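For clarity, chains are labelled A, B, C and D in written order, and residue numbers in each chain start from 1.
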Amino acid sequence: MIDVQNQIDDRGIKIQRTGISGVYLPLIILNQNVLAKIKFTVALNKNTRGTHMSRLAEILTDYVNISLKISDVEKILRDAIEKLETNFSAVEIAFKFFVKKIAPVSERESLLDIDCKFVGELSKNSSMKFILNLAVPFTSLCPCSKEISDFGAHNQRSVCRVQLEFSDTEKLDEINIFEIVDLIESQGSSKIFPILKREDEKFVTETAYKNPKFVEDILRDIVLALREIKNLSAFEVECENFESIHNHSAFAFQKENFEK
Amino acid sequence: MIDVQNQIDDRGIKIQRTGISGVYLPLIILNQNVLAKIKFTVALNKNTRGTHMSRLAEILTDYVNISLKISDVEKILRDAIEKLETNFSAVEIAFKFFVKKIAPVSERESLLDIDCKFVGELSKNSSMKFILNLAVPFTSLCPCSKEISDFGAHNQRSVCRVQLEFSDTEKLDEINIFEIVDLIESQGSSKIFPILKREDEKFVTETAYKNPKFVEDILRDIVLALREIKNLSAFEVECENFESIHNHSAFAFQKENFEK
Amino acid sequence: MIDVQNQIDDRGIKIQRTGISGVYLPLIILNQNVLAKIKFTVALNKNTRGTHMSRLAEILTDYVNISLKISDVEKILRDAIEKLETNFSAVEIAFKFFVKKIAPVSERESLLDIDCKFVGELSKNSSMKFILNLAVPFTSLCPCSKEISDFGAHNQRSVCRVQLEFSDTEKLDEINIFEIVDLIESQGSSKIFPILKREDEKFVTETAYKNPKFVEDILRDIVLALREIKNLSAFEVECENFESIHNHSAFAFQKENFEK
Amino acid sequence: MIDVQNQIDDRGIKIQRTGISGVYLPLIILNQNVLAKIKFTVALNKNTRGTHMSRLAEILTDYVNISLKISDVEKILRDAIEKLETNFSAVEIAFKFFVKKIAPVSERESLLDIDCKFVGELSKNSSMKFILNLAVPFTSLCPCSKEISDFGAHNQRSVCRVQLEFSDTEKLDEINIFEIVDLIESQGSSKIFPILKREDEKFVTETAYKNPKFVEDILRDIVLALREIKNLSAFEVECENFESIHNHSAFAFQKENFEK
């Protein structure tokens, strides 16, 4: 059977990334069973017409029953470099995981869903570049609305999305994702919880009212917090408030790079 | 060229609806230029293998530069019945339109986007069944949170989605969609506006605080309001509060039918 | 602390459904760890102002580590009726699960994601009404395109979405969801697979070409297949072909009810 | 009334971008009435607590009835720099527009929807950076499937998404977006059309079969085509085939920068 993918290509273009996307698989990450949505690509040298996509799907399937640490992302990428005979591979693994939340007064336990994405990129004779994406929800309460109003203040659900790039790939498994989630949600006007009894709702309401923050305030406080994370080489952060008084969002964005 | 669609089918199944979906076209509705997403189907008799999908696309294209009234939906459906030689046709035309909003104090004008869908169904020797879908946003402020807290009250953006079925198809063009939008958004804790100056923000904040409503309160008030709409034969209504203190929504639903 | 929800309501409206939506939780269904998106509602009597939403979240959290059979949906609903002191409850649990696929020639194993939703409704002194929703992908190849073209035939990914209502609630755990998925995907021009080696790709390509089907053909064959499922009291089915020659879909829909 | 936004901030962080997102407005672009989804942000100096979001909404509203050329995006950005007293502004305007398509044999006319986004960024004493985003659909037919199969070949809808950065901002209004769409869709196995009569369907089917292309072939041909566009300083391109034989996509990506 002819191997059409292996035909010689004379357009002279090395393809930076080619592979599969929109792949769903059940994985085990952070000791949780997650539903992962995956994009998995490799570089293709300029003389070859096509890559062998099925090998990428086979590699991913190999990892279905294995508990993955962050450092294991590099193994997946090394498999791709070897089995696809290339010098670069990249993978994005997006999933929801759950954080245990304890209601502030009643101490009821519940599970809050957090969106996460691992992005790994590997060049052949190098160590993995790793970017952690998180989307963390919380409440924001508007300082202007509080100040100018005789009573009340508009507030709303907000989300902070971060992309965190880590430098020392020897220490990737020391990243404490749960701590980072906590760090981020602590910068809103109040944390949020799936289960709140009345005494908790009072606590959350009053906490937010005592702690009014613009989207810019939240962004700045998250920037200050992120700068303290160990081994971070760069970050991007965006905050979005789903304004309760508009049909659109308030938005803020910042990007920093600590590399020399 | 063989007409494969016209081949005889012997499975004995009259198909209730077959046609095209996910069709985007620029239409003129409510005197506004809208981006419409359309599903357009017909019944197919039990002896015929397939319908002629391209004719459905041709009919829709005929209506691109024509300003459509609600009653014109019936013309589209009659075209389908005639050109596809069937006895039933149905169309769903979903679009965003804009409502002019005037800020409550500064009186600044702005445009609020509202999701709308026209659903028409026509049997050959009958008049059109018409259902109007609207999704209207507003603010809700929680009565429990206000009552139990020493200050403040959680609030959030909410949306009410209605499906309104009208009985007297002679009078469809008398339906005042802008009035219905206003009727619905008046049942929240406060209306929302794309542009609010500080004096307006104070007004909206205080209005919501003085007017706390559970999702159930809003649902009940909208039910009472909808019952007063002329010529309504049935409705479904759902309200969703994008809770600022949770990562999920509070939700309520009601369905009524006034037909004998 | 005042129980505002328990205040008396005098609008005279019994609310059919009120509760929480957009709740994500990790559940165990079909012996798989799934990410569930849940809507959970109860009826609210006409004299009470609001329901106790947090109790609904608590009930769901109770089921996080328990392997759920279909019949267990009724337990969740009974918990709601009891703890919310109501006479009706409803739940929708949407999730992806995975079906093991074996490539037709190479026999490579892979996992195909299928969208599923359990819908349960329970009235106090009655048995549960249960509706199974599935969305099953496959390939469709156009008979007209094959017939009129000198070579080739356009084909595309398709999806069939079914809503299956079962009558005998004693036998819900006898429903074999994997068999139903197989039954549905068998009606396309060819099944699809996450991993296909070249010999498999040849098989799938030729199978589809030998088995051309309009969206109407697929719908009719699925209708015939569904009629044979035991204990089915009603179904709705829609098929959508993501046409490779258009930017829109071909679509067909059928609804049948076997109740007397 | 206190201007809380104007309070002094001592965290020492100049915010790169803050403003509004998810704003829908009806605009006139490319002489078409479009539904625009907009993100509009400005930089905020390190001493000021918050920006005046309502002014951004006011600026956008000013442009509702004005026909916009690409160069007018710079006017919007200059308005923001002036009215928000900042030195940087950015805007993203996403919309669908329509391309007139003529069926290849019957010559029927129809309208194909194309996703577009204008991205403009402006620093105070500089000219605008402009990036054009397009998503163009077409058909792809698999060369491997064609080669190894005795008959037929799998094919599917594909989309190419490009980000094109232009260098000479004096000549932005010379960009012919319709030509670029045509250039991109010409690199697939066949163009697609909203309305195809049987003779057209034969033409499209046979054209695709005679022109098999991997996602990598399409990417490379688009890269070659884009390199010929005048005034282009950089581009990113990704192609996605919604594989008819899988439930996932084949994907390829390339990025080039011509700046010295």
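Heads up, the rule we're going with is that a contact is a pair of C-beta atoms (placed from the backbone, for glycine too) under 8 Å apart; a residue touches a chain by one contact, two chains touch by 3 or more.
Keep in mind it's a predicted model, so treat the numbers as computed, not measured.
Relative to chain A, the most remote chain by averaged C-alpha coordinates is B. For the touching copies chain A and chain C, the fraction of interface residue numbers used by both exceeds half; the interface is of the same-residue type.
Centre-to-centre separation between chain B and chain C, using Cα means, comes to 25 Å. A separation of 29 Å divides the Cα centre of chain B from that of chain D.
Shared interface positions of chain B, defined as residues touching 2 or more other chains, are 1, 23-24, 57, 113, 144, 148, 194, 196, 198, 202, 247-248.
Viewed as a network of touching protein chains, the structure reduces to a complete graph with every chain in contact with every other.
If you check the complex, the residues on chain A that touch chain B are 112-113, 137, 139, 141-142, 144-146, 148-157, 190, 192-194, 196, 198, 201-202, 204-206, 208-209, 242-248.
Against chain B, the residues of chain D that register as touching in their complex are 1, 3, 23-26, 32-35, 54, 57-58, 61, 64, 96, 98, 108-111, 113, 194-199, 202.
For chain A in complex with chain D, the touching residues are 1-2, 4-5, 9, 11, 13, 15-24, 39, 41, 44, 49-51, 53, 57, 143-144, 147-148, 214-217, 219-221, 223-224, 240, 247-255.
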